[in-house]
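Just dropping this structure here.
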Amino acid sequence: MDGIENLKQLGANEPIASFLGLRLVDLSPGYARVSMKMKPEYLNFNGKVYGGIIASVADQAFAYAGNSLIMPNVASQFNIHYLAAVDATDELFAECTVLKKGKRMCMMEIKVTNQQNVLVALATGSTIPLIGR
Amino acid sequence: MDGIENLKQLGANEPIASFLGLRLVDLSPGYARVSMKMKPEYLNFNGKVYGGIIASVADQAFAYAGNSLIMPNVASQFNIHYLAAVDATDELFAECTVLKKGKRMCMMEIKVTNQQNVLVALATGSTIPLIGR
Amino acid sequence: MDGIENLKQLGANEPIASFLGLRLVDLSPGYARVSMKMKPEYLNFNGKVYGGIIASVADQAFAYAGNSLIMPNVASQFNIHYLAAVDATDELFAECTVLKKGKRMCMMEIKVTNQQNVLVALATGSTIPLIGR
Amino acid sequence: MDGIENLKQLGANEPIASFLGLRLVDLSPGYARVSMKMKPEYLNFNGKVYGGIIASVADQAFAYAGNSLIMPNVASQFNIHYLAAVDATDELFAECTVLKKGKRMCMMEIKVTNQQNVLVALATGSTIPLIGR
(Lines give C-alpha, C1' and ligand atoms only; values in the text may rest on other atoms or scores of the structure.)
Protein backbone atom coordinates (compact mmCIF):
# COMPACT_ATOMS: atom_id res chain seq x y z
CA MET A 1 0.00 0.00 0.00
CA ASP A 2 1.50 3.38 -0.92
CA GLY A 3 1.72 6.48 1.28
CA ILE A 4 -1.37 8.18 -0.09
CA GLU A 5 -3.55 5.11 0.46
CA ASN A 6 -2.09 4.63 3.93
CA LEU A 7 -2.82 8.27 4.80
CA LYS A 8 -6.40 8.01 3.49
CA GLN A 9 -6.99 4.94 5.63
CA LEU A 10 -5.61 6.64 8.75
CA GLY A 11 -7.75 9.68 7.95
CA ALA A 12 -10.89 7.56 7.66
CA ASN A 13 -10.60 6.82 11.39
CA GLU A 14 -9.47 10.27 12.52
CA PRO A 15 -11.30 11.49 15.64
CA ILE A 16 -11.22 15.23 14.82
CA ALA A 17 -12.51 14.65 11.27
CA SER A 18 -15.52 12.83 12.69
CA PHE A 19 -16.06 15.42 15.43
CA LEU A 20 -15.99 18.42 13.07
CA GLY A 21 -17.41 16.79 9.96
CA LEU A 22 -14.22 17.35 7.94
CA ARG A 23 -14.35 15.49 4.63
CA LEU A 24 -11.34 14.73 2.43
CA VAL A 25 -12.29 15.50 -1.17
CA ASP A 26 -9.01 15.16 -3.04
CA LEU A 27 -5.50 14.04 -2.16
CA SER A 28 -2.30 13.68 -4.16
CA PRO A 29 1.38 14.20 -3.22
CA GLY A 30 1.68 17.84 -2.10
CA TYR A 31 -1.99 18.68 -2.64
CA ALA A 32 -5.19 18.26 -0.64
CA ARG A 33 -8.76 19.49 -0.81
CA VAL A 34 -11.15 19.26 2.14
CA SER A 35 -14.76 20.32 2.75
CA MET A 36 -16.82 21.01 5.88
CA LYS A 37 -20.44 22.02 6.37
CA MET A 38 -20.99 24.80 8.86
CA LYS A 39 -23.47 24.35 11.74
CA PRO A 40 -25.23 26.61 14.28
CA GLU A 41 -22.94 25.11 16.95
CA TYR A 42 -19.99 26.90 15.32
CA LEU A 43 -21.31 30.45 15.80
CA ASN A 44 -19.52 32.95 18.05
CA PHE A 45 -21.10 35.67 20.22
CA ASN A 46 -21.23 37.98 17.18
CA GLY A 47 -23.45 35.52 15.28
CA LYS A 48 -20.76 34.50 12.76
CA VAL A 49 -18.77 31.28 12.40
CA TYR A 50 -15.91 31.16 14.90
CA GLY A 51 -12.41 31.93 13.57
CA GLY A 52 -11.01 28.73 15.04
CA ILE A 53 -13.50 26.73 12.97
CA ILE A 54 -12.43 28.45 9.73
CA ALA A 55 -8.81 27.82 10.74
CA SER A 56 -9.70 24.17 11.38
CA VAL A 57 -10.91 23.64 7.81
CA ALA A 58 -7.68 25.16 6.49
CA ASP A 59 -5.65 23.13 8.97
CA GLN A 60 -7.03 19.84 7.67
CA ALA A 61 -6.00 20.54 4.07
CA PHE A 62 -2.62 21.70 5.45
CA ALA A 63 -2.20 18.46 7.45
CA TYR A 64 -3.11 16.20 4.54
CA ALA A 65 -0.89 18.00 2.02
CA GLY A 66 2.08 17.92 4.40
CA ASN A 67 1.66 14.30 5.44
CA SER A 68 1.18 13.27 1.80
CA LEU A 69 4.88 14.09 1.31
CA ILE A 70 6.49 12.74 4.48
CA MET A 71 4.82 11.31 7.56
CA PRO A 72 4.73 12.61 10.19
CA ASN A 73 5.21 16.18 8.94
CA VAL A 74 4.19 18.35 11.87
CA ALA A 75 2.96 21.95 11.75
CA SER A 76 5.23 24.51 13.36
CA GLN A 77 3.56 27.74 12.23
CA PHE A 78 0.30 28.78 10.60
CA ASN A 79 -0.84 32.29 9.58
CA ILE A 80 -4.41 32.96 8.48
CA HIS A 81 -6.06 36.05 7.00
CA TYR A 82 -9.82 36.25 7.50
CA LEU A 83 -11.32 37.87 4.39
CA ALA A 84 -15.09 37.37 4.62
CA ALA A 85 -17.59 36.42 7.33
CA VAL A 86 -19.00 32.87 7.33
CA ASP A 87 -22.58 31.90 8.22
CA ALA A 88 -23.99 28.77 9.85
CA THR A 89 -25.53 27.62 6.55
CA ASP A 90 -22.31 27.87 4.51
CA GLU A 91 -20.11 25.05 3.31
CA LEU A 92 -16.36 25.67 3.28
CA PHE A 93 -13.70 24.19 1.00
CA ALA A 94 -9.98 24.33 1.78
CA GLU A 95 -7.33 23.66 -0.84
CA CYS A 96 -3.67 23.33 0.10
CA THR A 97 -0.69 23.47 -2.25
CA VAL A 98 2.91 22.82 -1.23
CA LEU A 99 5.20 25.70 -2.31
CA LYS A 100 8.41 24.33 -0.80
CA LYS A 101 9.24 20.71 -0.12
CA GLY A 102 12.45 20.75 1.90
CA LYS A 103 14.24 18.11 3.94
CA ARG A 104 14.05 20.29 7.05
CA MET A 105 11.02 22.49 6.34
CA CYS A 106 8.00 22.49 4.05
CA MET A 107 5.86 25.53 3.28
CA MET A 108 2.29 25.54 2.03
CA GLU A 109 -0.52 27.86 1.03
CA ILE A 110 -4.17 27.17 1.81
CA LYS A 111 -7.19 28.87 0.20
CA VAL A 112 -10.58 28.64 1.91
CA THR A 113 -13.66 29.35 -0.19
CA ASN A 114 -17.41 29.03 0.42
CA GLN A 115 -20.10 27.37 -1.73
CA GLN A 116 -20.24 30.51 -3.89
CA ASN A 117 -16.49 30.38 -4.50
CA VAL A 118 -15.87 33.52 -2.40
CA LEU A 119 -12.38 33.51 -0.86
CA VAL A 120 -13.14 33.62 2.88
CA ALA A 121 -9.58 33.03 4.16
CA LEU A 122 -6.02 32.64 2.95
CA ALA A 123 -3.42 30.89 5.07
CA THR A 124 0.24 29.92 4.83
CA GLY A 125 2.07 27.50 7.07
CA SER A 126 5.35 25.77 7.84
CA THR A 127 5.90 22.12 8.71
CA ILE A 128 8.82 20.09 10.01
CA PRO A 129 9.31 16.63 8.47
CA LEU A 130 10.15 14.15 11.24
CA ILE A 131 11.37 11.28 9.09
CA GLY A 132 14.34 9.50 10.55
CA ARG A 133 13.68 11.04 13.95
CA MET B 1 -24.72 47.17 32.49
CA ASP B 2 -21.18 47.86 31.35
CA GLY B 3 -19.41 46.40 28.32
CA ILE B 4 -17.57 43.66 30.20
CA GLU B 5 -20.76 42.40 31.86
CA ASN B 6 -22.61 42.58 28.55
CA LEU B 7 -19.86 40.56 26.84
CA LYS B 8 -19.85 37.95 29.62
CA GLN B 9 -23.60 37.51 29.26
CA LEU B 10 -23.35 37.12 25.48
CA GLY B 11 -20.53 34.64 25.99
CA ALA B 12 -22.58 32.58 28.41
CA ASN B 13 -24.88 31.68 25.52
CA GLU B 14 -22.23 31.30 22.82
CA PRO B 15 -22.73 28.18 20.65
CA ILE B 16 -19.04 27.51 19.92
CA ALA B 17 -18.08 27.82 23.61
CA SER B 18 -20.62 25.15 24.48
CA PHE B 19 -19.62 22.93 21.54
CA LEU B 20 -15.88 23.01 22.34
CA GLY B 21 -16.08 23.33 26.12
CA LEU B 22 -14.35 26.74 26.12
CA ARG B 23 -14.51 28.37 29.54
CA LEU B 24 -13.89 32.06 30.25
CA VAL B 25 -11.67 32.30 33.35
CA ASP B 26 -10.83 35.99 33.51
CA LEU B 27 -11.86 39.12 31.60
CA SER B 28 -10.97 42.78 31.94
CA PRO B 29 -10.57 45.54 29.32
CA GLY B 30 -7.83 44.38 26.94
CA TYR B 31 -7.20 41.09 28.73
CA ALA B 32 -8.79 37.62 28.70
CA ARG B 33 -7.96 34.17 29.98
CA VAL B 34 -9.73 31.04 28.76
CA SER B 35 -9.43 27.32 29.50
CA MET B 36 -10.42 24.16 27.62
CA LYS B 37 -10.11 20.48 28.50
CA MET B 38 -8.81 18.30 25.70
CA LYS B 39 -10.74 15.17 24.62
CA PRO B 40 -10.06 12.05 22.53
CA GLU B 41 -12.37 13.53 19.86
CA TYR B 42 -9.77 16.23 19.21
CA LEU B 43 -6.97 13.89 18.13
CA ASN B 44 -5.60 13.94 14.59
CA PHE B 45 -4.31 10.98 12.54
CA ASN B 46 -0.90 11.32 14.23
CA GLY B 47 -2.44 10.74 17.67
CA LYS B 48 -1.94 14.32 18.89
CA VAL B 49 -4.43 17.14 19.47
CA TYR B 50 -5.40 18.80 16.16
CA GLY B 51 -3.77 22.18 15.40
CA GLY B 52 -7.14 23.79 14.73
CA ILE B 53 -8.22 22.89 18.27
CA ILE B 54 -5.13 24.52 19.80
CA ALA B 55 -5.78 27.56 17.57
CA SER B 56 -9.40 27.56 18.79
CA VAL B 57 -8.38 27.94 22.44
CA ALA B 58 -6.12 30.86 21.51
CA ASP B 59 -8.84 32.34 19.30
CA GLN B 60 -11.31 32.52 22.19
CA ALA B 61 -8.96 34.54 24.40
CA PHE B 62 -8.22 36.72 21.34
CA ALA B 63 -11.95 37.27 20.68
CA TYR B 64 -12.73 38.16 24.29
CA ALA B 65 -9.79 40.54 24.69
CA GLY B 66 -10.64 42.33 21.43
CA ASN B 67 -14.36 42.60 22.10
CA SER B 68 -13.68 43.79 25.66
CA LEU B 69 -12.39 47.03 24.09
CA ILE B 70 -14.85 47.67 21.26
CA MET B 71 -17.68 45.46 20.04
CA PRO B 72 -17.70 44.07 17.44
CA ASN B 73 -13.94 43.95 16.95
CA VAL B 74 -13.42 41.36 14.23
CA ALA B 75 -10.30 39.29 13.59
CA SER B 76 -8.53 40.00 10.31
CA GLN B 77 -5.32 38.01 10.82
CA PHE B 78 -3.97 35.41 13.23
CA ASN B 79 -0.52 33.79 13.30
CA ILE B 80 0.22 30.83 15.55
CA HIS B 81 3.47 29.03 16.38
CA TYR B 82 3.06 25.45 17.60
CA LEU B 83 5.75 24.81 20.22
CA ALA B 84 4.83 21.51 21.91
CA ALA B 85 2.51 18.58 21.18
CA VAL B 86 -0.76 18.33 23.11
CA ASP B 87 -2.38 15.11 24.35
CA ALA B 88 -6.03 14.15 24.80
CA THR B 89 -5.71 14.31 28.59
CA ASP B 90 -4.25 17.83 28.73
CA GLU B 91 -6.01 21.03 29.73
CA LEU B 92 -5.08 24.19 27.84
CA PHE B 93 -5.09 27.80 29.04
CA ALA B 94 -4.96 30.78 26.68
CA GLU B 95 -4.12 34.27 27.86
CA CYS B 96 -4.47 37.27 25.56
CA THR B 97 -2.99 40.73 26.08
CA VAL B 98 -3.68 43.74 23.85
CA LEU B 99 -0.42 45.35 22.66
CA LYS B 100 -2.00 48.04 20.49
CA LYS B 101 -5.44 49.54 20.86
CA GLY B 102 -6.00 51.67 17.76
CA LYS B 103 -9.10 53.25 16.27
CA ARG B 104 -8.59 51.32 13.03
CA MET B 105 -6.60 48.27 14.17
CA CYS B 106 -5.86 46.42 17.39
CA MET B 107 -3.02 43.95 17.86
CA MET B 108 -2.80 41.23 20.50
CA GLU B 109 -0.57 38.45 21.72
CA ILE B 110 -1.88 35.10 23.00
CA LYS B 111 0.05 32.55 25.04
CA VAL B 112 -1.25 28.98 25.26
CA THR B 113 0.02 26.80 28.11
CA ASN B 114 -0.90 23.37 29.41
CA GLN B 115 -1.67 22.22 32.97
CA GLN B 116 2.09 22.00 33.67
CA ASN B 117 2.61 25.58 32.51
CA VAL B 118 4.51 24.47 29.38
CA LEU B 119 4.15 27.01 26.54
CA VAL B 120 2.48 24.94 23.80
CA ALA B 121 1.71 27.79 21.39
CA LEU B 122 2.27 31.51 20.89
CA ALA B 123 0.02 33.54 18.64
CA THR B 124 -0.37 37.15 17.54
CA GLY B 125 -3.35 38.64 15.78
CA SER B 126 -4.93 41.76 14.29
CA THR B 127 -8.50 42.96 14.67
CA ILE B 128 -10.61 45.66 13.04
CA PRO B 129 -12.93 47.63 15.34
CA LEU B 130 -16.28 48.07 13.60
CA ILE B 131 -17.74 50.74 15.84
CA GLY B 132 -19.65 53.40 13.94
CA ARG B 133 -19.90 51.12 10.92
CA MET C 1 -3.34 63.50 -13.04
CA ASP C 2 -4.77 60.20 -11.82
CA GLY C 3 -3.76 58.26 -8.71
CA ILE C 4 -1.40 55.87 -10.47
CA GLU C 5 0.51 58.69 -12.16
CA ASN C 6 0.61 60.64 -8.90
CA LEU C 7 2.00 57.61 -7.07
CA LYS C 8 4.63 56.99 -9.75
CA GLN C 9 5.80 60.59 -9.48
CA LEU C 10 6.03 60.38 -5.68
CA GLY C 11 7.90 57.10 -6.04
CA ALA C 12 10.40 58.63 -8.44
CA ASN C 13 11.66 60.79 -5.58
CA GLU C 14 11.44 58.19 -2.81
CA PRO C 15 14.54 58.15 -0.56
CA ILE C 16 14.46 54.42 0.28
CA ALA C 17 14.05 53.42 -3.40
CA SER C 18 17.20 55.38 -4.24
CA PHE C 19 19.09 54.04 -1.22
CA LEU C 20 18.30 50.37 -1.92
CA GLY C 21 18.11 50.51 -5.71
CA LEU C 22 14.44 49.49 -5.78
CA ARG C 23 12.96 49.85 -9.25
CA LEU C 24 9.25 49.96 -10.07
CA VAL C 25 8.65 47.74 -13.11
CA ASP C 26 4.86 47.63 -13.37
CA LEU C 27 1.97 49.32 -11.59
CA SER C 28 -1.79 49.16 -12.00
CA PRO C 29 -4.65 49.39 -9.47
CA GLY C 30 -4.11 46.53 -6.99
CA TYR C 31 -0.96 45.22 -8.65
CA ALA C 32 2.74 46.11 -8.56
CA ARG C 33 5.99 44.57 -9.73
CA VAL C 34 9.38 45.73 -8.44
CA SER C 35 13.00 44.67 -9.05
CA MET C 36 16.23 45.09 -7.10
CA LYS C 37 19.80 44.02 -7.84
CA MET C 38 21.60 42.40 -4.95
CA LYS C 39 25.03 43.72 -3.83
CA PRO C 40 27.90 42.50 -1.62
CA GLU C 41 26.84 45.14 0.94
CA TYR C 42 23.66 43.14 1.56
CA LEU C 43 25.37 39.96 2.80
CA ASN C 44 24.96 38.74 6.38
CA PHE C 45 27.55 36.96 8.55
CA ASN C 46 26.57 33.63 6.93
CA GLY C 47 27.55 34.92 3.45
CA LYS C 48 23.96 35.11 2.15
CA VAL C 49 21.71 38.09 1.42
CA TYR C 50 20.18 39.47 4.64
CA GLY C 51 16.54 38.55 5.35
CA GLY C 52 15.61 42.19 5.88
CA ILE C 53 16.79 42.96 2.34
CA ILE C 54 14.62 40.21 0.83
CA ALA C 55 11.72 41.52 2.95
CA SER C 56 12.46 45.03 1.64
CA VAL C 57 11.98 43.99 -1.99
CA ALA C 58 8.66 42.37 -1.10
CA ASP C 59 7.69 45.41 0.99
CA GLN C 60 8.08 47.77 -1.95
CA ALA C 61 5.68 45.78 -4.17
CA PHE C 62 3.32 45.59 -1.15
CA ALA C 63 3.50 49.37 -0.62
CA TYR C 64 2.88 50.21 -4.27
CA ALA C 65 -0.03 47.77 -4.67
CA GLY C 66 -1.69 49.06 -1.50
CA ASN C 67 -1.21 52.75 -2.26
CA SER C 68 -2.42 52.20 -5.83
CA LEU C 69 -5.89 51.62 -4.34
CA ILE C 70 -6.10 54.25 -1.60
CA MET C 71 -3.42 56.61 -0.38
CA PRO C 72 -2.10 56.45 2.25
CA ASN C 73 -2.76 52.76 2.84
CA VAL C 74 -0.39 51.83 5.65
CA ALA C 75 1.01 48.37 6.45
CA SER C 76 -0.12 46.87 9.74
CA GLN C 77 1.22 43.32 9.38
CA PHE C 78 3.56 41.41 7.09
CA ASN C 79 4.46 37.71 7.15
CA ILE C 80 7.28 36.33 5.01
CA HIS C 81 8.42 32.76 4.32
CA TYR C 82 12.05 32.43 3.21
CA LEU C 83 12.21 29.59 0.69
CA ALA C 84 15.66 29.79 -0.93
CA ALA C 85 18.97 31.50 -0.17
CA VAL C 86 19.92 34.60 -2.16
CA ASP C 87 23.44 35.52 -3.35
CA ALA C 88 25.10 38.89 -3.86
CA THR C 89 24.99 38.50 -7.64
CA ASP C 90 21.24 37.75 -7.85
CA GLU C 91 18.50 40.07 -9.00
CA LEU C 92 15.15 39.85 -7.19
CA PHE C 93 11.66 40.53 -8.50
CA ALA C 94 8.64 41.07 -6.24
CA GLU C 95 5.08 40.88 -7.50
CA CYS C 96 2.14 41.90 -5.32
CA THR C 97 -1.52 41.11 -5.90
CA VAL C 98 -4.39 42.44 -3.79
CA LEU C 99 -6.64 39.59 -2.57
CA LYS C 100 -9.03 41.73 -0.50
CA LYS C 101 -9.82 45.40 -1.02
CA GLY C 102 -11.85 46.46 2.00
CA LYS C 103 -12.84 49.85 3.36
CA ARG C 104 -11.13 49.06 6.68
CA MET C 105 -8.50 46.49 5.67
CA CYS C 106 -6.76 45.30 2.53
CA MET C 107 -4.87 42.02 2.21
CA MET C 108 -2.19 41.19 -0.33
CA GLU C 109 0.13 38.41 -1.42
CA ILE C 110 3.70 39.00 -2.62
CA LYS C 111 5.88 36.54 -4.53
CA VAL C 112 9.64 37.11 -4.68
CA THR C 113 11.59 35.36 -7.42
CA ASN C 114 15.17 35.54 -8.64
CA GLN C 115 16.55 35.96 -12.19
CA GLN C 116 16.05 32.22 -12.77
CA ASN C 117 12.41 32.44 -11.71
CA VAL C 118 13.02 30.46 -8.51
CA LEU C 119 10.54 31.40 -5.76
CA VAL C 120 12.81 32.72 -2.99
CA ALA C 121 10.10 34.09 -0.69
CA LEU C 122 6.34 34.28 -0.30
CA ALA C 123 4.74 36.97 1.83
CA THR C 124 1.25 38.09 2.81
CA GLY C 125 0.33 41.36 4.45
CA SER C 126 -2.45 43.55 5.79
CA THR C 127 -2.91 47.29 5.28
CA ILE C 128 -5.18 49.93 6.80
CA PRO C 129 -6.60 52.52 4.37
CA LEU C 130 -6.40 55.97 6.01
CA ILE C 131 -8.69 57.85 3.63
CA GLY C 132 -10.94 60.31 5.41
CA ARG C 133 -8.76 60.10 8.51
CA MET D 1 37.09 30.94 21.48
CA ASP D 2 33.49 30.19 22.38
CA GLY D 3 30.46 30.49 20.09
CA ILE D 4 29.35 33.92 21.33
CA GLU D 5 32.82 35.44 20.81
CA ASN D 6 33.09 33.80 17.40
CA LEU D 7 29.72 35.22 16.39
CA LYS D 8 30.64 38.71 17.63
CA GLN D 9 33.82 38.62 15.56
CA LEU D 10 31.96 37.49 12.43
CA GLY D 11 29.40 40.21 13.08
CA ALA D 12 32.07 42.88 13.36
CA ASN D 13 32.83 42.35 9.67
CA GLU D 14 29.27 41.87 8.46
CA PRO D 15 28.51 43.81 5.24
CA ILE D 16 24.81 44.49 5.95
CA ALA D 17 25.54 45.76 9.49
CA SER D 18 27.96 48.29 8.06
CA PHE D 19 25.60 49.26 5.22
CA LEU D 20 22.57 49.86 7.49
CA GLY D 21 24.39 51.02 10.62
CA LEU D 22 23.15 48.07 12.69
CA ARG D 23 24.90 47.94 16.06
CA LEU D 24 25.00 44.89 18.36
CA VAL D 25 24.34 46.10 21.91
CA ASP D 26 23.97 42.87 23.86
CA LEU D 27 24.40 39.17 23.10
CA SER D 28 24.08 36.03 25.18
CA PRO D 29 22.85 32.51 24.33
CA GLY D 30 19.25 32.90 23.10
CA TYR D 31 19.15 36.66 23.52
CA ALA D 32 20.24 39.66 21.45
CA ARG D 33 19.74 43.41 21.49
CA VAL D 34 20.51 45.63 18.50
CA SER D 35 20.22 49.35 17.76
CA MET D 36 20.01 51.39 14.56
CA LYS D 37 19.75 55.13 13.95
CA MET D 38 17.19 56.13 11.37
CA LYS D 39 18.19 58.39 8.43
CA PRO D 40 16.40 60.48 5.79
CA GLU D 41 17.48 57.87 3.21
CA TYR D 42 15.12 55.37 4.87
CA LEU D 43 11.91 57.34 4.25
CA ASN D 44 9.17 56.02 1.96
CA PHE D 45 6.87 58.03 -0.33
CA ASN D 46 4.54 58.70 2.63
CA GLY D 47 7.35 60.47 4.56
CA LYS D 48 7.75 57.71 7.16
CA VAL D 49 10.50 55.13 7.68
CA TYR D 50 10.12 52.22 5.24
CA GLY D 51 8.64 48.99 6.65
CA GLY D 52 11.54 46.94 5.30
CA ILE D 53 13.94 49.05 7.38
CA ILE D 54 11.96 48.45 10.59
CA ALA D 55 11.88 44.75 9.69
CA SER D 56 15.66 44.88 9.15
CA VAL D 57 16.32 46.07 12.70
CA ALA D 58 14.16 43.24 14.05
CA ASP D 59 15.83 40.77 11.68
CA GLN D 60 19.27 41.52 13.05
CA ALA D 61 18.28 40.76 16.66
CA PHE D 62 16.51 37.62 15.33
CA ALA D 63 19.65 36.52 13.44
CA TYR D 64 21.98 37.07 16.40
CA ALA D 65 19.72 35.33 18.91
CA GLY D 66 19.26 32.32 16.61
CA ASN D 67 22.93 31.99 15.68
CA SER D 68 23.92 32.37 19.34
CA LEU D 69 22.40 28.91 19.89
CA ILE D 70 23.47 26.98 16.79
CA MET D 71 25.28 28.24 13.72
CA PRO D 72 24.08 28.50 11.05
CA ASN D 73 20.48 28.76 12.20
CA VAL D 74 18.61 30.10 9.18
CA ALA D 75 15.34 32.02 9.16
CA SER D 76 12.42 30.23 7.53
CA GLN D 77 9.56 32.56 8.51
CA PHE D 78 9.14 36.02 10.02
CA ASN D 79 5.91 37.83 10.91
CA ILE D 80 5.92 41.51 11.89
CA HIS D 81 3.18 43.78 13.23
CA TYR D 82 3.73 47.51 12.63
CA LEU D 83 2.36 49.36 15.65
CA ALA D 84 3.60 52.96 15.34
CA ALA D 85 5.10 55.13 12.60
CA VAL D 86 8.85 55.83 12.68
CA ASP D 87 10.54 59.12 11.73
CA ALA D 88 13.92 59.82 10.17
CA THR D 89 15.26 61.21 13.45
CA ASP D 90 14.33 58.18 15.58
CA GLU D 91 16.63 55.50 16.91
CA LEU D 92 15.30 51.95 17.03
CA PHE D 93 16.15 49.11 19.43
CA ALA D 94 15.31 45.47 18.73
CA GLU D 95 15.37 42.83 21.43
CA CYS D 96 15.00 39.14 20.60
CA THR D 97 14.20 36.32 23.02
CA VAL D 98 14.16 32.63 22.11
CA LEU D 99 10.85 31.00 23.13
CA LYS D 100 11.60 27.54 21.76
CA LYS D 101 14.99 25.98 21.19
CA GLY D 102 14.39 22.78 19.26
CA LYS D 103 16.67 20.46 17.37
CA ARG D 104 14.66 20.97 14.19
CA MET D 105 13.08 24.39 14.75
CA CYS D 106 13.60 27.42 16.96
CA MET D 107 11.03 30.14 17.58
CA MET D 108 11.71 33.68 18.74
CA GLU D 109 9.95 36.91 19.59
CA ILE D 110 11.36 40.35 18.74
CA LYS D 111 10.26 43.67 20.22
CA VAL D 112 11.20 46.90 18.44
CA THR D 113 11.06 50.14 20.43
CA ASN D 114 12.13 53.72 19.75
CA GLN D 115 14.23 56.10 21.88
CA GLN D 116 11.12 56.93 23.95
CA ASN D 117 10.48 53.23 24.62
CA VAL D 118 7.35 53.19 22.46
CA LEU D 119 6.71 49.71 20.99
CA VAL D 120 6.86 50.36 17.23
CA ALA D 121 6.78 46.73 16.07
CA LEU D 122 6.41 43.19 17.38
CA ALA D 123 7.67 40.23 15.39
CA THR D 124 7.88 36.47 15.76
CA GLY D 125 9.96 34.14 13.64
CA SER D 126 11.03 30.55 12.99
CA THR D 127 14.51 29.28 12.26
CA ILE D 128 15.96 25.97 11.10
CA PRO D 129 19.21 24.85 12.77
CA LEU D 130 21.54 23.45 10.08
CA ILE D 131 24.06 21.76 12.36
CA GLY D 132 25.22 18.43 11.04
CA ARG D 133 23.92 19.29 7.58
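Things worth noting here:
Note that the chains take the letters A, B, C and D in the order they are written out, and that residue 1 is the start of every chain.
To be clear about the criterion, a contact is a pair of C-beta atoms (placed from the backbone, for glycine too) under 8 Å apart; a residue touches a chain by one contact, two chains touch by 3 or more.
Please read all numbers here as calculations on a predicted model, not as lab measurements.
By residue number, more than half of the contact pairs of A-D reappear in one of the listed pairs A-C, B-C or C-D, namely B-C.
The chain pair B-D and the chain pair B-C differ in C-beta contact count, and the higher one is B-D.
One inter-chain figure worth recording: subunit B and subunit D are separated by 28 Å, centre to centre, where each centre is the mean of the chain's CA atoms. Computed centre separation for the pair subunit A/subunit B is 20 angstrom, with centres defined by C-alpha atoms. The distance from the centre of subunit B to the centre of subunit C, with each centre set as the mean of the Cα atoms, comes to 32 Å.
Residues of subunit D found to touch two or more other chains are 76-77, 79, 81, 107, 126. Note for the complex: subunit D touches subunit C at residues 7, 10-11, 13-16, 18-20, 40-46, 50-53, 55-60, 62-63, 67, 71-72, 74-82, 85. Put simply, subunit C touches subunit B in their complex at residues 76-77, 79, 104-105, 107, 126, 128, 130.
Partner subunit B is touched in their complex by these residues of subunit D: 79, 81, 83-84, 99-100, 107, 109, 119, 122, 124, 126.
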